[in-house]
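Next up: the structures, one after another.
Both complexes below contain chain A, partnered by chain B and then by chain C.
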Partner chain A sequence: MTTAPADQFALRLHKVSKAFGGVQALNQVDFEVRAGEVHCLAGENGCGKSTLIKVVTGVHQPEKAELIELFGEAVGQISPVLARQLGVSVIWQDLALFPHMTVAENIAFDDMVGLRPRSVKYREMITRSGDVLARLGVQMDLSAPLNDLPIAQRQVVAIARALMNDAKLIFMDEPTASLTQSETDRLLDIVRKLSADGVAIVFVSHRLAEVLDIAERVTVVRDGNLVGVYPTEGMTQARLGELMTGHLIENAVVARDLPDAPVVFEAEGLARHGEFSDVSLKIRAGEVLGLTGLIGAGRTELAHVMMGMRSADSGHMLLNGAAYAPSHIRSAIKQGMAYVSEDRLSLGLLQKQSIADNTVISVLHKLTTATGLISYTRKADLVRHWIRELGVKIGAPEDAISTLSGGNQQKVVLAKWLATEPKLLILDSPTVGVDVGARAGIFRIVRALADEGLAILLISDEVTEVMFHSDRILHMADGRIVQEYDPRTITVPQLEERIYA
Partner chain B sequence: MRNILRSYTIETRLAVVLALICIALSVTAPQFATLPNLSSLMNQSAVNLIWAVGLLVVLIAGGIDISFAVASSVVQYLAAKLLMSVGGGNWVLGFLFCGSLGILLGLLNAWLIHGFRIISIVVTIATFNAFFGLLMFFSGGRNIYNLPDWWTARIFIFEHQNDQGVWSELNLSVGVMVVCVIATWVLIRRTNIGRQLYAFGDNPEGARRAGVNIAVMQGVAFGWMGLMAGIAGLMQVNIFQEVVPNALYGRELDVLAAVVLGGARLGGGKGTILGCVLGVMFVAVTQNGLNLLGVSPFAFQMIIGAVILVAISTSNMDLSQIMRRKEARS
Partner chain C sequence: MTYLRRLTSGPKGENAGLFLILAVLILGFSIASPRFLTGANLGSMGFQMPLLGLLTLAMLAPILSGGLNLAIVYTANICGLTLAWTIMHFGGADAGIFAFVLGCVAAVIVGALAGAMMGAVIAYVGAHPILVSLAMMIFLRGLGEFLTRGRDISGFPDYMRVLGHGSLMAVPIPLILFGLVAFAWHILLRRTPHGFSTYMTGSNMQAAQYAGLNAKRTLVLIYALSGVLCAIAGILMAARFNSVRVGHGEAMLLITVLACFLGGIDPFGGHGRVVPVILALIILQVLSSGLNLIGANQHLATAVWGLFLIAVMVLRSDQSRQLILLFSRKDT
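This part shows the complex of A and B:
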């Protein structure tokens, strides 16, 4: 795949160290990327990956570095501008694009930067950005405002913007975190095309399957130290997870039968025009029901109807044997439903408020004293209880929620919902942006909750997730439940084939 | 065509509604569609439009300014003192003094916002009070009539007498307004500085990472607003022929509402000159129409407030979504 000779390097870092306060973020780390290579940088959150990227792009200056070499030339000190001039680009997870500008304006934006006034040539801008998109094999309406585009296409716009700067080394920070499988596949195709063009790509992702699929080599970092550099050929997900976390992550089918457990939730012939139709399902107490399928299959829409956020056109639902037709999410919550939504950052948490406030937001009415005011002791007790129960790693409950890692944030979301003492918990893509170690922690909690008798609906894109954490799997496609599987009688590749066929 | 409609939806709708109001007024109020009325409408709107395009730049860059109208009064007062002290001066000196004083006041806002990381609404409410308080203190609230002749002389850029002998005139402020509108359009639409202003307003962190100089952008936005405030102050004296310290107090909110009505986004990154001009003219025409229809001036504020509310809430609605909802229900 690589066109450049293997001994040509896009980037060489030798013995780079960087500390923040007392924390050694990078400790004598070596990192090398060959020209035109797809290289994966793997490690848990907080292991030093981001610091490494920021050192290469000049955002942070390292304390010590034996060698920093870009495209064969030793560089004394990197600044963001120099890095860009040399052809290093970063596509941040939040993309750093401009939502109200058009596609073309976004792609060509870096030409605008600078204080020397010059005129804007829109026609040239459109031609050039069209050319870059053509190079990626993508067609897009160049005059559409960016916020009209789905996230996958914005990702492509960010890549095009990097190419516009003649990038020869592109860092992609979790580019697939919010993409569906087919969108991911298309993105990976683009990455391969760039690599064939001689552009080196450093890929950071929590989805180990795609890391192994796309990258030629993987550099693993743990706690600021280099663990090693490995070829992806012959590497397994389990082995890579072990290298990243330092301990073995077991993936085993845990499905069991619960024939005697009472049915908690039942839907019969549920339909909503244009979204899903004829959905019937049962969830028993203590059961984890996996719901998978491509995005657009109607999974999230179904969850919204179950939570009373939208109403069904036909069909009916039963909760604990009684008719259940929530008119509003508040009534659904009151009746014992809980929903961890797919978009944790914008929907699940109040980012600027504290950990404690986020934990109790759903149960404020339970914390009031006789005067109708919130009791601080009861609030503190409740927060302490759930933080201990779920093993959330925090500094102080008063810290802002945004100070936590993705995995710990997700645990707070769980705590918030568990505090409502639900009977059915819906988890919609609960591990998006959560690293491999924290994922295991979240699923340990999920399993423990099920063992206590909570009914759980686990919605996920990732086949391995439903495979190893649910008792039964429902496959949804085009708004219908097409098939039920028992994780004990099917394998991951078989299930993947059915879903992506 | 589809593209034009999509990228200018608010502007298109506003233009259509404005056209409908104009047609309705031409039918119900015979004086409306006459040259004398329309030219006086332009004369009255010129200062508002100069402010509006300045404010548009600030809004695009993600800020807001409450202090500009009072800043114009401060500029008028200081310029009058300065010009008299240099023996009267002339138009060139007038533009120079007013423009640079306005820019200074704008840069003061920008410095407070950027230097101390205070959000612009807080800073400009504070400077609004400070500017006005200082002005009233030093002027004692007294008007200045003793102004250089060139400043108060009427200058017409268009004159016409109809068969009944009624004059229609456009005064200098309309010409200056046109220049300001075009200059602002060039700045925000045709230069890289303007594109950086949009980017900064749209996604400040993204702009910073791309290497946009944030401090300079704040300075350009508020400096431009200040320049427009200075010019507006200069022209307002030319129209009213005196400096009244509290004459412009309270005008800022009318202009702000009109600019937001024209599609500028509070929060930054969005807004066009066309929408801004349409927004100001929408309010001006409504007011003019109410006047011609003999509605009590006391009802003006109420009606215009209601009209702005209706216009803004409908312009935020996505018509296609409403249609879809109806389809789904039926």
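This part shows the complex of A and C:
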């Protein structure tokens, strides 16, 4: 453990414990953040990360704590108000901003309302929020309503809002989850600038590459216990993944040649105005074809055309050798296509509905008896079969799907599509919001499906993902497929350079 | 046995709570008034409830699909008018049974069309269900008042009285009709692919479409079926009042919405069952009949309904639910 003088720490927690019911969320965890440091808090979903953040911000009171110290000052008990006064801020993944208010109003919000009611001084608000943005080196239309901005800029607004409160310790929960690579780079620049300014940043992210890039030290938590604090220098993604999950995550190229396998899907000269053009590709049975490129390259749009959700302007598609031109998604599904959407929360699953209903939603015709009524026995059998087959961890099938972790939710999405017995499975960014251990589980399933002969199109903007899980890689940029790579003859850095160049 | 358990436990003990409220009310009223538990009172309750019940079921399905149907009462009126005109055309009080059947068929078609029109606009134009059904309600009211000049149409054949006032083995015929319709509604929503699709569409229309459900057709169909129920309600109304007038039953519109929420229907769609809604209807009926028997003013009964609903919302809040769970843990 480091022995820097106390005044150099933004935060020191010693032996903090917190239990919920019978679950020990934190078990004698130490956590220290130095002033001005970029620190990463790493661990799988449910490991106690959020609980730790909530203890620091006074949302949860720990049962036991040997020491809680903020900015060199021992604090007996933290309340949310005290945490804010001392300069602790959290930017949750959903940002907690006000979509209908302007940028300036959002940044200055805490100053305008709350404990000190007074009339709003708009001019002062504009200057002050402008100053804060200037400090971040960002230019933005202060009078634009927030919901006109892309998510990356809202993130910046949330940071500015924290700075407006003189935050000296900012927690960022999955800040890059929905950002493109270039947006992420800009965000990381801002984080570095803040750190140089003396603001300590605690970064929570599932993207290990990013964590190793930005943070100086990383604290790893597993099942409520502290695994250790490590400098990021010399740390590899594989090692960090191992620390987080407790077992080795193997990342090896698994590509193979399938020259004799029949072509399942073929597109030729596919184009849709303003989205993509001249896309030709072939996917063979048992093949995992990786499709990568920056967000906005036209990948999701291509998947939508393949699923019949939009129509192509020109070109044609073949499915199992026969002409394929679906008029809507239902006909695509009927012909053996399946699409795991990149937006699991609002499109991939019905979050408020049960695990069982989400599993059977696409195969209702298989559940009805001669009377046309849904058989509850058939439904239960089907659900039980797929839950077991994919190893989904659930309480009861009637529980809402939102009670599951991201990884288990994604497994239910897979179950839903596999139940339709598809010929081609399109996976669009299948690991968004899924933690390291669960990712490995999902890709094990994907590999097993490919071995059984299913054709799979894997769309992802994470280079390591397509690198280690596909047989061939297509690189898409500005709506065109620019190059095909063999994972066996290219390295991750080389591929990254081609994509982000 | 398991079916009975499902009926009494329901989702999250919802039905158990409603049964408890009902038991307390019945006990209270039978102590307060010796006439409460008599055949006459039960019979009159059995005649009064089905009309509100049918309209509530017509409201229930659109709410499950994530919308609302504010046009139910006027759809019922227009359907009643359709029946009345058909009967008048065939001789009024002397019209044969054929005229009545023809009129009913015409009424159901009119109801289904009015509903399907709303559903189509909601599904394919993407307009908000409140606005669409409000527009339909105003249109139907205006149309009805224009065609009738605001007057009653009355003088139906005697056999229609049987439908509105008759009994079969001491059970009021309107109640039997309501029971059949409610059972069909339950089966439709819980056991058919179309019902499943209604819940999913109400929960998240776009996600339902991504999963391959025909959400738009589901909406058209569910509003059309809601219109059919309105038509049945309209026919029953004509039989009970022996007359049809545009605006009959207007006050029931908001009560149907409240009965749905009292029955635990999610106001945002996607969750809810028929059985608790029927329990809620019985509770409302017991409240109003009971208060009437102990000599309370009718307007007071309406006020008590309102208070009662507020009390239910409070009891349903998360805090009190935790308390209830704490006490009911032993049986799980």
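Here is the rule we go by: the second predicted complex is superposed on the first by the 489 of 501 C-alpha atoms of A that agree within 3 Å, B and C clash if a C-alpha of one lies under 4 Å from a C-alpha of the other, contacts with A are read in each partner's own complex, and residues count from 1 in each chain.
Definition applied: contacts are C-beta pairs under 8 Å (C-beta built on N, C-alpha and C of every residue); 3 or more make two chains touch, one makes a residue touch a chain.
These figures come from a predicted structure and were not determined experimentally.
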item: Contacts of A:330 with chain B and chain C, given as first, second, both or neither; value: second
item: Partner chain(s) touched by A:350 [first = chain B, second = chain C, both, neither]; value: second
item: Partner chain(s) touched by A:374 [first = chain B, second = chain C, both, neither]; value: second
item: First, second, both or neither for A:123, with chain B first and chain C second; value: neither
item: Which superposed partner A:92 touches (first chain B, second chain C, both, neither); value: first
item: Partner chain(s) touched by A:101 [first = chain B, second = chain C, both, neither]; value: first
item: Contact footprint of chain A on chain B as seen in their complex; value: 3, 6-7, 189-196, 198-199, 202-203, 205-207, 209-213, 216, 265, 269-270, 328
item: Chain C - residues contacting chain A, complex; value: 187, 191-193, 196-197, 199-200, 203-204, 206-214, 270-271
item: Complex contacts: residues of chain A adjacent to chain C; value: 329-330, 333, 339, 341, 346-353, 357, 361-362, 364-365, 367-368, 372-374, 416, 420
item: Touching residues (chain side chain A, partner chain B) in the complex; value: 80-81, 84, 92, 94-102, 105, 109-115, 117-120, 143-145, 273-274
